[in-house]
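Input: structures, listed below.
Both complexes below contain subunit A, partnered by subunit B and then by subunit C.
This part shows the complex of A and B:
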């Protein structure tokens, strides 16, 4: 029963199929016609080997169309398509063989022309196998999909590299005629000959193979690399002109025309093309900005060195930063560069200050609110604070006759001198108040754009240090003035007064007045009694400590000094002169038997030669004892005279006056001379002053340890408050005590200090 | 010692008004004391030294005297307590030996000192430094006419015997921390 039903069903089916294929033709003629049509259609579609030399069979298109029509009516087209695709799969090895062949050639030559040839070849395969469009878009798209799938699966891994190379080389086609290899091997049928852009063939071949979509990111990366390479090549180390405009021009000239091909192929009008390019174009523009920005960030340290000549580069950077947010990167890289190149012991303090100054200007320009500057400057400031000679450098910079020649004068030509600015709390009643920038750190303080000097001074918490150092410097400079022209110093002081305030510079004022007063007093005394001595009279309390010396001027010098002091006392009865005999210079004429030697020498030298007027031969050690000076100092002075040919070394340490000149033989020793001329400054530096003070404090420490036994560091520190003017921190004291321990003055046990017995 | 200081006090108290130091006596005394401290620290007189006991109270000092060379006291060190009156320098500071000192003019028990400039011969021009120097020389040259320690005065002329007694009482300054 069941078999019966089944047999019936099968028969029904068979009958249906037969009826469909035979289509009510008599007998099996319909079936025969169908099989003929199937044969023609499959034969027509069959993917053939391009390399097969046998000429292709000519089909009458009418016949072919008729067969397709027939099959379509029999609803057998899907089967035909399947059959075709299966045939393709079987023939795939032919393409694979070609691919491998071309790739091998490319790998051997490594030039893009083989890639181009491969692409054209593949395009030819594609065209060869493509079914005619009359068969409908379904078949065509099914074919394209199957072809591309097969194609991609047979690409070797090196293909993408080769393709990249090809794309990269395509940039050169934009403005130049294509090399022959980039053109299709045979005239293209579908395009009119000689189009405006010859590389269009290559691109259309790529497109028909679907490569443009598949390798889109690769193409973009090629373009990125192209842009990067160009930026690096043209912009690196060129800071003196604005590169951004020039780069944008380059993009329009070179990159945009190229982009038209891969990104705006289907465009029918210029407007449409522009629209299609907009998105990708802005991506490339962004990339260009980013590349330039990265480059400039890397170079920023050097750009800052060149400031203000590198202003155009900063302008570019500013524009790029507004497009690309690299602010954090800027801070990081500049801090890194500073740490590596600036903040190390090998860098001169002046250079650091100069660079800091330039950094300030440059970053203020990039970021007016100063957030970047604050973040970058912080380590510099901290480092500078630790350097011992920072204050002196800043003060020299303030007074400004450093090598840079950038003193107050130059700095202030374009900006008015302002008083030093102090930090101010936010004024919330200010209608122009603005909140802190979004990336400001918690400890950022809105500092209004201040001038460079205020910022430098603000490295330290108090400006007293500066005033102190300023005094020392001023003292040195005043004492160095010989022509009585103090105008420059006066001007400096006036300028500094505006900055530091009148009161802070009172002392400097007195020092300056001392100098002019000295001249006046001297004129008066000279009027009373002509004397060859012109002292500079300084008020001890207002001057930084001067080098002291124990020695007294001998012989005639002493007489002159005494005579002068007497006159002075008559003129100013309430004041007393205290001589600093070792400072100043003396012009001498030494009359010897055969000649007169004129020399301008320091007083010590003069005193030495005066001793020789009483005795011809002196031992250096005796001279030193006689004059209460150190032997080295005496020797130095004696050597000066040896160089001048006045003295001669008789024996070791024994010098004789040459009444009659000797042949100037090898006696003059330039090295010794130089050593003798190296004069130490007459004013104690702040550092030396501190050492002097520490000696006083040591007495106190000694005193308290003697009487109170052993003391802890904290106790010593608090007891030292009894010493006038003690202002050291406990850390400084600890350092000092440690030094004293090393020298064997004290011992320490369990944090308790005692005197070494 | 006690009777000396107490007898001194009333007389000394009258002096400031006599000398006319009005105003702020404590302030000027502090000033004087710190300047004396400075002078003392900067002058390097061998064998004498003094320093305030603490930075809080400038009126209470500790001094150290080394026995002068060539006397029986040579090589010995003595601690002295110095306490300044509030009207210093119109009145002399009260001084006594903290370490036992066997000496004709020093009370061996209380440490009181019999020295004329600490009593009626006091003058405002004296300073801690001059007092300490006087004390140092007193060690070598006692005033045996008015002894506080008659035993010591009695054997002063026999140095050997004196030295034995001296060393019997002497205690070297121990270095135990005073803080």
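This part shows the complex of A and C:
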């Protein structure tokens, strides 16, 4: 029963199918016609092997079209398609073989031309197998999908690397003709006329294979890398010009034309292209800003060192920062760089302060509210507070002791002098009040002092420390003044008064008045009685503790002192003088039998030579006892005269006055004698020779100036004595140093030498 | 040998000649009995030491900053006496050596 029904059903179906295929043609002619059409269609669609040398069978398109028409009427197209796709799957190995072949070649050569050839080859496969468009878009898209699926599944893993290489090389096609390998192997049928770009073939091949969509992120990453490489190459360490405009120009010249190909190839007009490129273009622009920003952040420490010459770089960074939020990164990297390169025991306090000052200026420029500065500066300030010599450095900076006259004088040319600013509470009535920036920390205050000096002084809680240090510095300078010219110091004090307030600098005011008073008193006394002595008379309690010692000036020195003191007492009856014998300088002429030696020496040295005027030979120990000074101090003074050729060591510790200069007998320093002899023959060569010899000692001098910062000439001389074979006098050293100064190696200021930075 | 001094730049401190002739006096020195500030300093109302803030000598041999003493004499409770020994204050003639 059931079998009957089934048999009937099958018969019905068969009848229906037959009727559909035969279409009421007589007999089975319909069926025959159908099978003919099917044969032609499948044969036409069959995916052939490109490598098959046998020529393709020619089809009359009319016939083919008619067959498809026929099959379509019989509703057999889906079946045909299935059949076709199945055939494709079976033939897939042909393509796979090609891919493997090209990839192997590429891997061996590692040049993009094999990739280009592969792409063109695949495009050819794709075109070869593609059914005619008359079959409708459904069939066509089904074919494309199936082809691409097969294709992607057959790519080896190295394909993406190769493709990347190809894309990367495509940048060079933008402004230059393509190399032959990037052109299609055979003349393209639809060669676009006019100045169309040649790389269009490669891109359209990629597109028809669907590679552009599939590898979109890869293409973008290639472009990112391209931009990064360019930024690194052109911008690294170039801080003296603004790079951003130049980079934007480069983007327009090089990257945008390239972008047209993968992203806007189909555009018909410039406007359309612009629209298509807008999104991706701004992504690339952002990436460029970010790359530049990252680069500049890495270099920020050095940029700050170069401030203000590196201003254009900061300008770039500011613009980038507004586009890319890297503020946190900035704080982190700059703090790291500071910790590593600045805040360690090897750094000079002056350079830390300089760097801090530059950091202030640079970050104020980047971020006017000062949030960045506050975050970066905090560790520097804390570190500076721990350093013992910070105050001295800041004070030195204040009065402009740095090289090139930097400091107070220069600082104030472009900004008005203002009193030190103190923190103020928020003014709640201020109509222009603005909330603190969002990334400000809890301790941040917008109205912190903004000028450099106030900020430096505010490292410490009290400014008294500065005033004290200032007093010491001022005292040193004033006491070194011999020509009565201390206008610079007066001006500095006037400026500092504005900053620190009148009361704090009262002491300095007294010191300056002592200077003028001394001069007036001296003029009066000189009018009464001409004397070579010109003392600076200071008010004790108002000067920092001065070096005191108890030796007495001998002989004529004592007489002069007493005479002066007497005149002073006459002029100021209720005052008297208390000499500080150690301090000051004396210029002397030592008149010997055959020569006169002129020298400018400290009083101790003068006292020593005075003792030799009573007795020709002295033991250092005796001298020390006689003058109530330490032996070491006496020896040092004696050696000064030995250098000048006035004294000579007879025996250990026993020195003799040389009434007649010893030249022939000075076996101890043959070099000097030789130099002196040559001196008569030709002046120039001796000088040159001396320079040559001095070069050996230059290393020593350079070393000590590097280590100790600044030294007086006498100090350098006494240290050089420790060097083997050193036999120069202090005058020769002075000449040499002067020469070094002319050559720009060292600078001198107030008798103190230092290396030119 | 002869030593000729061409120019000598020396440093000295001035002291009030109070009769205390200790040459080794490097300490704080004598202080004014009224304001307890050293004589070579200045009285609390002055800024500049020295001639601007001179000393005053009494017949009783006591010495003060002039401004300090005048202020003291100016108050009623002083009864014109030296603050140290309560003898009537008489300013001494400046002794000239």
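The rule is simple: the second predicted complex is superposed on the first by the 648 of 757 C-alpha atoms of A that agree within 3 Å, B and C clash if a C-alpha of one lies under 4 Å from a C-alpha of the other, contacts with A are read in each partner's own complex, and residues count from 1 in each chain.
Rule of thumb we're sticking to: a residue touches a chain if its C-beta (ideal position, glycine included) is under 8 Å from a C-beta of that chain, and two chains touch if they have at least 3 such contacts.
Note that the structure is a prediction, hence the values are computed from the model and not measured.
Greater residue coverage of subunit A by touch, when subunit B is weighed against subunit C, goes to C. When the shared chain is aligned, no partner comes close enough to touch A:520: not subunit B, not subunit C. In the superposition on chain A, no contact is made by A:385 with either subunit B or subunit C. Touch criterion not met for A:240: it reaches neither subunit B nor subunit C. Once the two complexes are laid over each other on the shared chain, residue contacts for A:340 go to neither subunit B nor subunit C.
In the superposition on chain A, A:575 makes contact with subunit C only, not with subunit B.
By the touch criterion defined above, A:510 lies against subunit C but remains apart from subunit B after alignment on the C-alpha atoms of chain A. Residue overlap on subunit A between its contacts with subunit B in one complex and with subunit C in the other: absent.
Contact residues of subunit B toward subunit A in the complex are 34, 37-38, 40-42, 49-55, 58, 61-64, 79, 173-179. Within the complex formed with subunit C, the subunit A residues making contact are 479, 482, 506, 509-510, 513, 517, 532-542, 546, 548, 550, 556-557, 560-561, 569, 572-581, 583-592, 598, 603, 606, 609-610, 612-613, 657, 659.
Within the complex formed with subunit A, the subunit C residues making contact are 1-17, 23-26, 29, 38, 40-41, 47-51, 54-55, 94, 96-97. On the side of subunit A, the complex with subunit B involves touching residues 696, 699-700, 702-704, 706-712, 715, 718-719, 721-724, 752, 754.
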